[in-house]
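One chain, subunit A, appears in both complexes that follow, with subunit B as partner in the first and subunit C in the second.
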Partner chain A sequence: MPIEVKKLTHVYMPGTPFESRALNAVSLSIQDGEFVGIIGHTGSGKSTLITHLNGLEKSEPGVVFVNGMDLGEKGADLIAIRRVVGLVFQYPEYQLFEETVAKDVAFGPTNLGLDADEIKRRVEHALKQVGLDPAEVSEKSPFELSGGQKRRVAIAGVLAMQPGILILDEPAAGLDPMGRREMFDLIRGIHDSGTTVVMVSHSMDDVGRLCDRLFVLNRGEIAYTGTPAEVFVHDNRLHAIGLDVPECAKLARRLREAGFDMPEGIYRTEDVCAAIIGNLSGGK
Partner chain B sequence: MLKNITLGQYFPGDSFIHRLDPRTKLLATVALIAIVFVAQGFSGFLLIAAFVVACAASTGIHLKFLVRGLKPIMFIIIFTFVLNLFFQTEGRELVHWGFIRITDQGLRMASFMAMRLILLVVSSQLLTLTTSPIALTDGLESLFRPLEVIHFPAHEIAMMMSIALRFIPTLMDEADKIMKAQKARGANFETGNLIQRAKAMVPLLVPLFVGAFRRAEDLALAMDARCYRGGAGRTRMKQLKFGVIDAIAAVAMLLLLAGVIALNKLNLF
Partner chain C sequence: MKNTIIEARDVCFKYEGASTLAVDHVTLDVAEGEFLAILGRNGSGKSTFAKLLNALQLPTGGSVKVNGITPANEDDCYEVRKSCGMVFQNPDNQIVTTIVEEDCAFGLENLGTPPQEIRSRVDEALHSVGMSEFAQASPSMLSGGQKQRVAVAGVLAMRPRIIVFDESTAMLDPIGRRDVFALARRLNVEEGITIVWITHFMEEAAMADRLVVMDGGRIALEGEPRSVFAQTDRVLKLGLDVPEIMKLAHMLRERGVALPDDIMTVNEMAVALCQLK
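Take a look at the complex of A and B:
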């Protein structure tokens, strides 16, 4: 079982007036090859949760396991964990620092202690994976690229470590609709090539479209878990905790309430379209 | 690593000292520092210490935060104590052991020095712990305003200070985020020799500086967009006003000063 979290609790600045409980007894497990979404509004603890998944925040022993490694254990091999779990933070383009794109992408693999040939091969592969032409961008300064390209380079920097599990925090934040679409295609491509993907977002539209399974976080606790269809059934409750269901799920619900024959739990644009067409042709 | 910086840490509260005008607190802190140097006997120091402890207790701030602030200067305190202890040769001899000679005068001076330093740090800490950075710079600006006749840029300095203070938590946050991102890429900030560690800072410092410049530019634009033209003719939303509690604080400071002078005159111990 690749990721297993058992009753994880995280308190920030304990014993001060600023004390706050970010996570409260969160348990979850993620299987190999899954595409999982973690959703919750700002401050629900999703960012804290993912930093625990690659040992950036240390938990008690026996709480967080990745591929059988106990991340909370004293002297846990952090490099080994980071080799397995790649973490792409929100606005990853702000972490770029090297003179050239190639050097920046090579930072991760270099820290893993790989040899020069392997690093070069990985850098090229990672750049191709994110849809950039290595020949064109390798020698450019990352600071002269466009915002979307910078983000791709930053993601390539994590992919070059070839993690089996990739965690992305709001990968599409601040991108225009075109950029968002390209970003999600890219992530789907990474998943299709065999990587387990965990995507953090507050947009139900995005996670609904991409993920097999969702974890809904609210005030540091898991409120719902299941397939998107199973989760979106609770639309009133989701609304109350500051989240929304996809636009198409809302439309389907309104139509159902207006007396049309719409199946329960549909949320994909295609499914809702098909149901509407079915209603129209059936009515004639 | 970034968590133990307490610089300018403000503890919100609603105590008597919290509610004082920032100018009162600034002046009172200066006065307290002066009084610390007026005291010439243990009795005087005890009175001041009792006053400071009473002030600290009234704010409701946990003692541990005041003690934590002393940690960085512990070395200086011990150093001056030892220096004064060994190199003051006047007075009655207490210990003579080889070349080490400790006199009662030396012990007295050394303890005074240490107490002065501790009282200085604790009282100025009380100021920053009970005053929000913004109130503090407002107070400074207001106190330095009279100097503008000799072209002292009081407003500009206060503005620069408040911007700097405003961005300390933001930049620390950002540093923390970048550090985590680079750690996730296998960066190692904790081990290695001095050169390796200095090198390891590059992936942290470059993005931090780039971010700081970006923020500075955004801030300048935002200030421009709201017609910021410097201090001339600027009014404020929160007017600083002295109240009854400020008068009480002034009287308390005067009483403390009088008490210390009286104890000096009595020459108790």
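Take a look at the complex of A and C:
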């Protein structure tokens, strides 16, 4: 099992007036090859949770496990953990720093002590994975690129570590609609090639479209978990904790209340369309 | 007929060393008290256009008249900035002091406003954005949405007639986004401030009085939001999106459901479908 979290609690600035409990006894497990969404509004504990998953924050022993490694254990091999778990922060393009794209992407693998050929191979592969042409961008300064391209380079830097698990914090934040679609296609492609993906978001639309399973965090606890359809059934409660279900899920509820036969938890535009057609032709 | 507060005539702007125009012969009037949304892909020229509205950039061709002034020199620029405030995307880039109320006073202090006047204007502005209780707080302890409200208060203290929001909700969570949009709407309705709202979010654009879609530095589409979004194929082709309900309406129409042309909201769709059943 790649990720297992057992009753994880995290308190920021304990013993000060600013003490706050970011996570409260959170337990979850994520299987190999899953595409999981973690959703919650600001301050719900999402970011704290993911920093525990690659050992940036340290827990007690026996709480966070990745591929059987106990991240809280004294002397845990953090390098090994970060080879397994790649973490892409929000606005990762702000972390670019090298003279050229190739050097920036090579930074991680170089620190792993790999030989030059292997590094070159990985850099090219990672750039292709994010939809950039190595021949075209490798020798450019990352700062010459557009915002969306910069973000791709930053993600390539994480992919060059060849992690089995990729965690992304709001990967589409600030992108325009086309940029968002391209980013999600890219992430879907990475998942399809066998990587376990954990995506943090506050957009129900996005996680609903992409993820197999969702964890909804509220005030440091898991409020709901399940497939998107199972989670969207709780639309009223979700609204109360600052999250919105997709528009089509709202419409489905309205129609159900008006006597339409609409399956519970239905939310995809295509599915809602089909259900409406079924109702309209059935009634005649 | 309302007064025109912004008059852009054949406006062009070219960045130094660039081969193409970032803003390419744009002609646009904004009426006093209007809530205008501008949509467009990254690089479509909408942020450059915004900077021309408060004289952060001066046009390289054509003219922009704001509140009666066509800036020709530095003094004019200051006058334009007094009447046209701007709120940017990243809340952390526009807060300059360590205490909320000092941040709001920053612009006024630079204009040499008397201290008592600053006091009353800052109090009024913070009250207006619902941040009075945070007057003494440090901006670092605020959420993104709260920081943007402080930024709006700083602009309001200057008593502008126009506020340009340049993707001011892009970095906020859904609650912060709703808050800041609602604030802009309220300032528009209650105080008559003209709003130019630049965004990537279709749901926000859908709530404006009028919508302009920019592409390659030009105005590609313009009109009431629902009539613009009703051109679903065009909008998608421009790399944008339409509200999900309009997409659904499009799908249903393709499958022979006779829906009115301009359905945009959950409510409108529910009502229309119930009539068909």
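Following the convention adopted for this analysis, the second predicted complex is superposed on the first by the 283 of 284 C-alpha atoms of A that agree within 3 Å, B and C clash if a C-alpha of one lies under 4 Å from a C-alpha of the other, contacts with A are read in each partner's own complex, and residues count from 1 in each chain.
By definition in this document, a residue touches a chain if its C-beta (ideal position, glycine included) is under 8 Å from a C-beta of that chain, and two chains touch if they have at least 3 such contacts.
As the structure is a prediction and not an experimental result, all values here were calculated from the model.
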| item | value |
| --- | --- |
| Combined model on subunit A: subunit C and subunit B, fit or clash | clash |
| First (subunit B), second (subunit C), both or neither touched by A:277 | second |
| Which superposed partner A:227 touches (first subunit B, second subunit C, both, neither) | neither |
| Subunit B versus subunit C as contact partner of A:178, first or second or both or neither | second |
| Partner chain(s) touched by A:29 [first = subunit B, second = subunit C, both, neither] | neither |
| Which of subunit B and subunit C A:20 touches, first, second, both or neither | neither |
| First (subunit B), second (subunit C), both or neither touched by A:143 | first |
| Subunit A residues touched - subunit C or subunit B, whichever exceeds | C |
| Partner chain in contact with A:96 - subunit B first, subunit C second, else both or neither | first |
| Intersection of subunit A interface sets (partners subunit B, subunit C) | none |
| Contact set on subunit A toward subunit B in their complex | 17, 51, 54, 56, 78-79, 82-83, 86-87, 89, 92, 94-97, 107-108, 111-112, 143, 157-158, 161 |
| Subunit C residues within the subunit A interface of the complex | 40-43, 89, 143-144, 167, 170-171, 173-176, 200, 202, 239-241, 243-245, 247-248, 251-252, 255, 257, 266-267, 269-270, 273-274, 276-277 |
| In the complex with subunit A, residue positions of subunit B that touch it | 11-12, 174, 177-178, 180-188, 202-203, 206-207, 210-211 |
| Residue numbers on subunit A that touch subunit C, as the complex places them | 41-43, 146-148, 173-179, 202-203, 205, 242-244, 246-248, 250-251, 254-255, 258-260, 269-270, 272-273, 276-277, 279-280, 283 |
